[in-house]
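I am attaching a structure below and will ask some questions about it afterwards.
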Amino acid sequence: MDIPSLQALAASNTWTSILPELMLGCLALLLLVLEIVLPKRLHSALPGVALLGVLALLAGQLLTACCGITEGESFNGLLYHSQEGQLMRVFFLLAALLTGVLGTVCLARQRVAHTEFYHILLVVTAAMMLLVQSNHFVMLFVTLETVTIGLYILVSYFRNSPFSLEAGLKYLIMGALSSAILLFGIVLLYGVGGNPSLPAHTASAMNFDELRAFLAANPHNFLASVGIVLVLSGVAFKIAAFPFQIWVPDVYQGAPTPVTAFLAVASKAAGFLVLLIVARTFSPYAWLLAPVLTVMAAATLLFGSLAALTQHNVKRLMGLSGVSHAGFLLLGVVAAGTQSMAVGAIYFYLFAYLLASFAVFGVMAQVAGPEDADQEISHYAGLAKDRPFLALVLAIGLGSLAGIPPLAGFMGKLFIFIAAFQAGLYGLLAVAVVAVVISIYYYFGWIRAVFFSNWVSPDGEAAPQPARAPVGLMAGLMLGVLALATIFLGFYQGPLGQWLNNR
Amino acid sequence: MIHAGLNTYVTLSALLFVIGFFGVLLRKNTLVIFMSLELMLVASTLALVAFSRFNGTLDGNVFVFFILTIAAAEVAVGLAIIVALFRMRRTVQVDELNALKH
Amino acid sequence: MSALLFNLFALFTVICAVGTVVNKNAVNAAMCFLLCLVGVAGLFVQLDAYLLAFLLLLVYAGAVVALFLFIIMLLDVQGKQSISFKSFSTVAAALAAGLLLVGICSFATRGHLDAPNPNYGSGVGAALKPYAYQLFTTYLLPVQVMGFLLLAAMLGVIVLSRKLDAVEGTS
Amino acid sequence: MEHTFTHTVVVPYILLEPLWAAVLIALFLRKRGSWAAALSTLVAALICFRALKMALGGFRFEGGTEWLHLGNFALSIGFKYDDLAALMLCIVGIVGLGVHVFSLGYMHDDAAKGRYFGGLSIFMFSMIGIVLADNLFMMFIFWELVGFSSWLLIGHWYEKTSASEAAKKAFITNRVGDFGFLIGIIWCYWANGTVNLSALGAHHVFSTGIALLLFCGAVGKSAQLPLQVWLPDAMEGPTPVSALIHAATMVAAGVYMLCRINVLMVPDALTVIMWTGTATALYAACCAITQSDIKKVLAYSTLSQLGYMVAAFGLGSGNHDPVAITGGSGEHRTLVVVAAAGVGAAMFHLTTHAFFKALLFLGSGSVIHGCHHEQDIFKMGGLRTRMPLTFWTFTIGVAAIIGLPGLAGFFSKDAILYLAFANNKAVFLVLAFTAILTALYMTRLWRITFFGEPRSESAAHAHEGGLTLTLPLVVLAILAAIGGYVAIYPKVFTGVFELIPEAHGGDHTTILITSLVVLILGAGTALFFYKPAATDPLEARAPGLFRLLASKLWFDEIYQWYIDKVQQRFALLLNFLEQIFLAGLIIRGFAGVVGLFGLGARALHVGKLNVYLYWFLGGVVVLWLFATGVF
Amino acid sequence: MNLPFDPLLASIVAPLAVAVAIACGLPKRWSIRLAYVGFALPALLALHAWFHYSAQPQVHGYAFLTRYSTGLDGLGIGLTLGLNGISLPLFVLAGLVGLAAGLYAIQSTAERLKIYLMLLLVMQAGLMGVFASVDVFFFYFFHELALIPTFIMIGIWGGRDRSYAAMKVTIYLTLGAMLSLVGLIALYVKSGATSFDLITLREIIAARPLAATLQHNIFALLMFGFGILVSLWPLHTWAPLGYGAAPSSAAMLHAGVLKKFGLYGLIQIALPLLPLGSAHWAHTLAALAAVGNVLIVGFITMAQRDLKQVIGYSSVMHMGYAFLGVACYSVLGAGGVVLLMVAHGLSVALLFLLATSIYHRTHTFELTEMGGLAQKTPVLAAFFVAATFASIGLPGFANFWGELTIFVALWQFSHCLTVIAISGVIISAIYGLRAAARVFFGPPTDAFAAVAAQHPPADLNWREKIPALILLATLLFIGFWPKSLSAPLNDTLNTVYSAVAGK
């Protein structure tokens, strides 16, 4: 290999195209440096630095989004930049920002290290942003593992709580198992795609475009289909689709609330973006993909809503209802096989889900108490009288999750439904309707506790109602903005809706 | 005597993978479960190297680098969690780690 | 000759893998795992991937298994260690084993791949230099990401295993 | 100044004036009873005046304005003012005015005078609407409104449970009739494309069903068998109301309506109508014999007379061969003319009955007023001397109803008897027997009430009421006396009166003799049998017969049994099924099943890592099966 | 007279704005003052629209037609407001009942009156929006907007079983709403219009009608979906329970106006667009309505002992007439349904209002414990009797026209069902008069005498009288002059139902 060809290769490494991710990484490093450099009394400012940095990045991202970006590959086809990628950058930055704000609420009450939390959060966020733009299995796997390992740490971050550690361990073992399955699938696809004896074999079988071309030429290869289902099972773990959803409630319950929120929103969104990417790649195998995803969607919808029905722990409830949401999104993914509009619907749904979920988790972080332990629905009794603001935000968030107009969640569901109907998925739609109706029960059951009940001690003893901590300025601001955004996005979708649905 | 062709390697790797999977299912000791998981990763690398060799592309071999690194990081984090948990609960048996349920 | 070696290494690897999985003693399991890795490294050599074989031994055998052993010793849990053969879990394990075996069979019988020429691509992973080229050009970005991953993992390990008092001091 | 009467004039004046009066009373005069009474009476006087003026002025018109229009369905508020309507309007006007004036005295001390006179005004409005309606839908509308005003006035003393129950009973029983009436109207509408009376007269489809369903309305409103039960109970209302609504006008509306739609009648239907009327006449007359409440006697008498009218209408058909009507238009005409004889007889009796029955009711009102609201005739007696004016006017009324020659009832009853004689001998015999009974119970009432010695404190202190009470009696007595002479009616009503069948020759003699025999038999028996005493001699002499008659054939008991034991139990059963079965077993059960599934799904999260890992195995296996093409 | 602003938009925005202002923490006195405006303005604007409707230029059969973009033009969703002859009566109904309910709420002594008024205002905005929307999507959207406050109001201010009732009502109504939403989406997709705009939908479907099977299926979805919302037997059990538990103003608005949403949807959307579907299902619908709603529920109403249950069940029964009108599929039938909807809305709202007023005097809803109230409160008795007679279809009240026209139309459809339906006239007279007699007439019962001795009952005061008068006057006005509604209604129906107008 000569120098010019190396230079040509290196020239494809356009670092500017991943500027946001780079800056996030640098910000993460900066935090570590500052922790060493700054005196201890200033350490409390570090989260602020991280949040400000993310905010600045977000602002920059929004500004540059208006200018438009160059679509196309970079890093020798490892990455593919698109409008959707830009959007998801915003999404993950937003998620990171909100998680950070929640972190300031929760971490402040815990005796754990702070800076590392933000560092890992930023790294994971950057990895997610790369993940959803990856165009190559190596890139996909590496960033996915970065995300996953970062999340292992974050889940078990409250290391003096056995729950957090147990959740971390469960997440770790199941995550590693699913990674191994995913990896084996990738390996099989790589091996089949590069096999010289097969038609249209390719030298770089891990590149998605090349792989799709290969699959199109070999529509019924057994090893390829095994590889595909193994990759799907790996992704299904991320998005918590049936039957790979079983970890969700335990891990959600044990993890620190901000991390639960991050898991529920960002990790799931990343998983869905990956699913969309691989579904596009595997589109020649629609004969396999469509039934698998259909069955998965139906089972996920039903299991999620049924299991949440009798749940009393709000974190588990959110986790299981999140499973049901994954079912809705899967419905969109199935529809996306034939309807391009479904992709826009999924994006919109994810954004609505982000706003609503963080609103709910924000309230949960406030209510959970200093030990992050008050997680029963009965702890929410009488909240409306005590802290009407929190109750209102919670109601809006839950309403949006339940898909009630005029909140954003309804629009998301509507778009998904329309797409599904256009794709002719009537059976799945029926299941989805059932799931919506069931979901009303548990979401409104929670709202009922907040608004209609008075405080009774969960133990049945005459314990006095615990004093609820006042809402901090930043957290209050965040909750208010989230609630307003949820309402606003329900009434008026504006340019976002236009853009998503003209695609 | 089995001929060392691609199919053999792939089947062998699949066998290793399945053994690892079986270990994950069978064992109750988190450490051994963890080792079984590592075995599954190693099985994948074996297939990867075989494919790389017989397909004549280097990508597979390069991928192994990353897999090894990731495995190492995973082990480090995993063991740290296990140790921390052991400090609190004095056990590494998964049967006894079921405070989170229902 | 290569066929004989392959058969030897393959058999050795599988036996060690089974040993890892079924061995009652965690230390023994770790040792089996170590031997298994050696077998895999031998297979790597058969596949001309000398560098990877070396790396495997270095990273896995040298670092990972050592870490495992260290932790096993530290926690000192091998005494309580046993595989409980309760009827339910036995049935489940047998069922799982059966399913997995059926999977392997279907894999071996249906997943047939043609290798057109046994010498095609031989020596593709033998040289050191192409690795370097690949890692520093095509896969430069993943390498960077790995850097961050390792850093994060390191920080995570520190956070998780620091003494509580030390943490209290920081907050 | 001469008005050219058209509906544009009639609507605001004669129809809407009472409504306005009612609205004014409801809004402003609730607590000013005297003002309300004055206003209402003034309006009644105006109506009476206008009705007479219009009728005598000879104006006849038709016309209307559209009220509702949807698709091809148009409903207009229209008026058909022909001789029939003019006659009816005059009756309503005269009796209405009389009752209003009487009420001024009778209700003088009532606390809710405003409501009472408001109700009277609403009634006048509704009744005039029926009279003037030119189509069946409009008639139905006012039909219902009349029912409402009846409810309002019967239940005037609502703090009495009996009054409230009677009002409810009256309304619901009427609704049962209206049920058929409405179906008949709708059927008629779709069969003929119109329900306009004139248009129907020009062309219509013959149908027994329509005719009978429309007759249902009359059965309810005119209290024919088997819906007669409400009318006796309706006597819970103030007596003037009974006079106005439950004797002279509203109950007669059924007969009036039949006369309106006589063109729709077919022989089969007429036969049914005839027998219904006949049966009612006989049944009610029997019931009247044992009654001791002065108003109840009059109520059954009213029922009986209404039966006469309905029978008269039904008799008009003759015994025509049904085949004849399916032929050409020539046969239609003959049919119509023959039916019209029934119309004439019925309307004639309606007119005379309105006068003498209103007179009797007002007379009884005067008695009740005089006896301090004592209604039991066996506790009266000796009123002949204490209330002479009431006695004499009442006597004229009694004489009229029992058909004393020369008085109003004589002529109209003869017309009906003649019709029966000519068309159906069986009916003739029954009606003649009914006439005997009529003479019997009326004479009994008259004798027990007014003769002998006072049998109670209140009767002993009875006294004549004021001018407002006596004046209407006098006026109505005059009308009751002379109302039977067709000649006294102005030529303007010839449209109706020319239809009255008149007996000639041998028939005439037969009928006259029959009448006299009947009268003598009935009245003579009563005079011989009943003495002014505190007990009913019939009860003592023939207890079995008395009990049979007093039982009124257990109509009320059967209906009550149906309501309590069938209807209400059925309702409770359905309610039980709904609560237990539908809302309970199905809905809650379904929710419970879903909840069980939920519990099951929740229980799957056992918290053990090993178990969770098997889920992964299962997932992979299933997906693998998909890949191998098993699914 | 042309207003300088869009009256329809203003009628939606005004109550919403007041609600937001109250939510922002206005003091109570000002909240109440503003609430007057928030309730009165829609009513005034509705009256304005009513009286100037015929003078307005008609665009596509709509007066006051205005379009606003919400960013979903690409999806064929836009806020299009307008009134035609079908929606005008209901728009007026919404305005007037809203005003009455609002006034009644303001004078009530509810706890947390501010929130109560806020929710009621949101509901009012939704109701105005439902009937002003030409866009099918927003028609649905506003319905849900109005539905949510119902749930909360039942839950917080409700009576007996409020918690259970709130849940049951919400789940039932969500199921109905979801089914109808799927039906509407089916119309949207299958018509090929990819637009929710009713005008576009009509044009496209007129040009290219849907296939018969498709029409059957979509109509089934809409029929049962809307059927649940309107309490079609046997899907009605939520209604009496919910109304029994709901606070008066919420019950007034829900039973009076919101429930009409489903019928309105059938008349305005389903029947004209799906003639074959409606023909296919007409007999099922009519049989269910006649036997179930009219007969069975009629008898069940007779068995009730609770005043509110009587009203609630009678409302279910009267909805049966409306369904029968729908089943006729003719201009006359549809017109009758609209008239009945308006009339029933006014009368049932009046009944609920008075029932609450009665409760304040007797402190019970049990009919057996009441009696003789008329002696103490003659005006209340007069109002109640008027409302009772209105609801049992006495001429002179608006209800009569609705029932009569439906009966007339029904005869053409089925003689047997007409007879069954008309028998309902007797049934309703029985329970209506029985209830009125039990409450007001006869001597006072011992129970009531005891209550009356403790709290001497006063007659209706002006603050209760005015809302009742508004409703009663409108009932009488329409009763005496039905043409005021039927003239525009007839014009619109003749064009919209052009297929059957000649029949």
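Things to note:
Which chain is which? They are A, B, C, D and E, in the order written, and residues in each are numbered from 1.
As a working rule, a residue touches a chain if its C-beta (ideal position, glycine included) is under 8 Å from a C-beta of that chain, and two chains touch if they have at least 3 such contacts.
In this text, all values refer to a predicted model and were calculated from it rather than measured experimentally.
Counting only chains that touch, the fewest steps needed to get from chain C to chain E is 2. Considering every other chain in turn, the ones in contact with both chain D and chain E prove to be A. Across the assembly, the mean Cα position most removed from that of chain E is the one of C. Just count the C-beta contacts per chain pair and the biggest one is B-C. Taking the mean of each chain's C-alpha atoms as its centre, the chain lying closest to the overall protein C-alpha centroid is E. At the far end from chain B, in terms of centres built from Cα atoms, lies D. If you average the CA atoms of chain A and of chain C, the two centres end up 30 Å from each other. Measuring from the averaged C-alpha position of chain C to that of chain D gives a distance of 101 Å. Chain A and chain B have CA centres that are 26 Å apart. Distance from the chain B centre to the chain C centre is 5 Å, each centre being the mean of its Cα atoms. Across the assembly, chain C contributes residues 92, 96, 100, 103, 107, 110-111, 113, 115, 120, 130, 138-139, 142, 146, 149, 153, 156, 160 that each touch 2 or more other chains. Shown for chain A are the residues that touch two or more other chains, namely 138, 142, 145, 149, 152-153, 156, 159-160, 169-170, 173, 177, 191, 195-196, 222, 226, 249-250. Taken residue by residue, chain B touches two or more other chains at 6, 10, 20-21, 24-25, 28, 33-34, 50, 54-57, 59, 62, 66, 70, 73-74, 77, 81-82, 84, 97, 99-101, whereas all remaining positions touch fewer. By the document's touch criterion, interfaces exist between A-B, A-C, A-D, A-E, B-C, B-D, C-D, D-E. Listed in rising order, the residues of chain A touching chain B in the complex are 137-138, 141-142, 145, 149, 152-153, 156, 159-160, 162-163, 165-170, 172-173, 176-177, 180, 183-184, 187-188, 190-191, 194-196, 201, 203-206, 249-251, 253-254. Chain B contributes residues 21, 24-25, 28, 33, 94-95, 97-102 to its touches with chain D in the complex. Listing the residues of chain D that touch chain A in their complex gives 594-595, 597-602, 604-605, 607, 609, 612-613, 615-616, 618-620, 622-624, 626-628, 631.
Note for the complex: chain E touches chain D at residues 234, 237, 241, 296, 299-304, 330-332, 335-336, 372, 374-375, 378, 382, 389, 394-396, 400-401, 404-405, 407-409, 411-412, 415, 418-419, 422-423, 425-426, 429-430, 433-434, 437, 440-443, 482-483, 486-487, 489-490, 493-494, 501, 503.
Within the complex, the chain D residues that touch chain E are 26, 30, 66-73, 112, 137, 140-142, 144-145, 148, 151, 155, 158-161, 163-165, 168, 171-172, 175-176, 178-179, 182-183, 186-187, 189-190, 567-568, 570-572, 574-575, 578, 582-583, 587.
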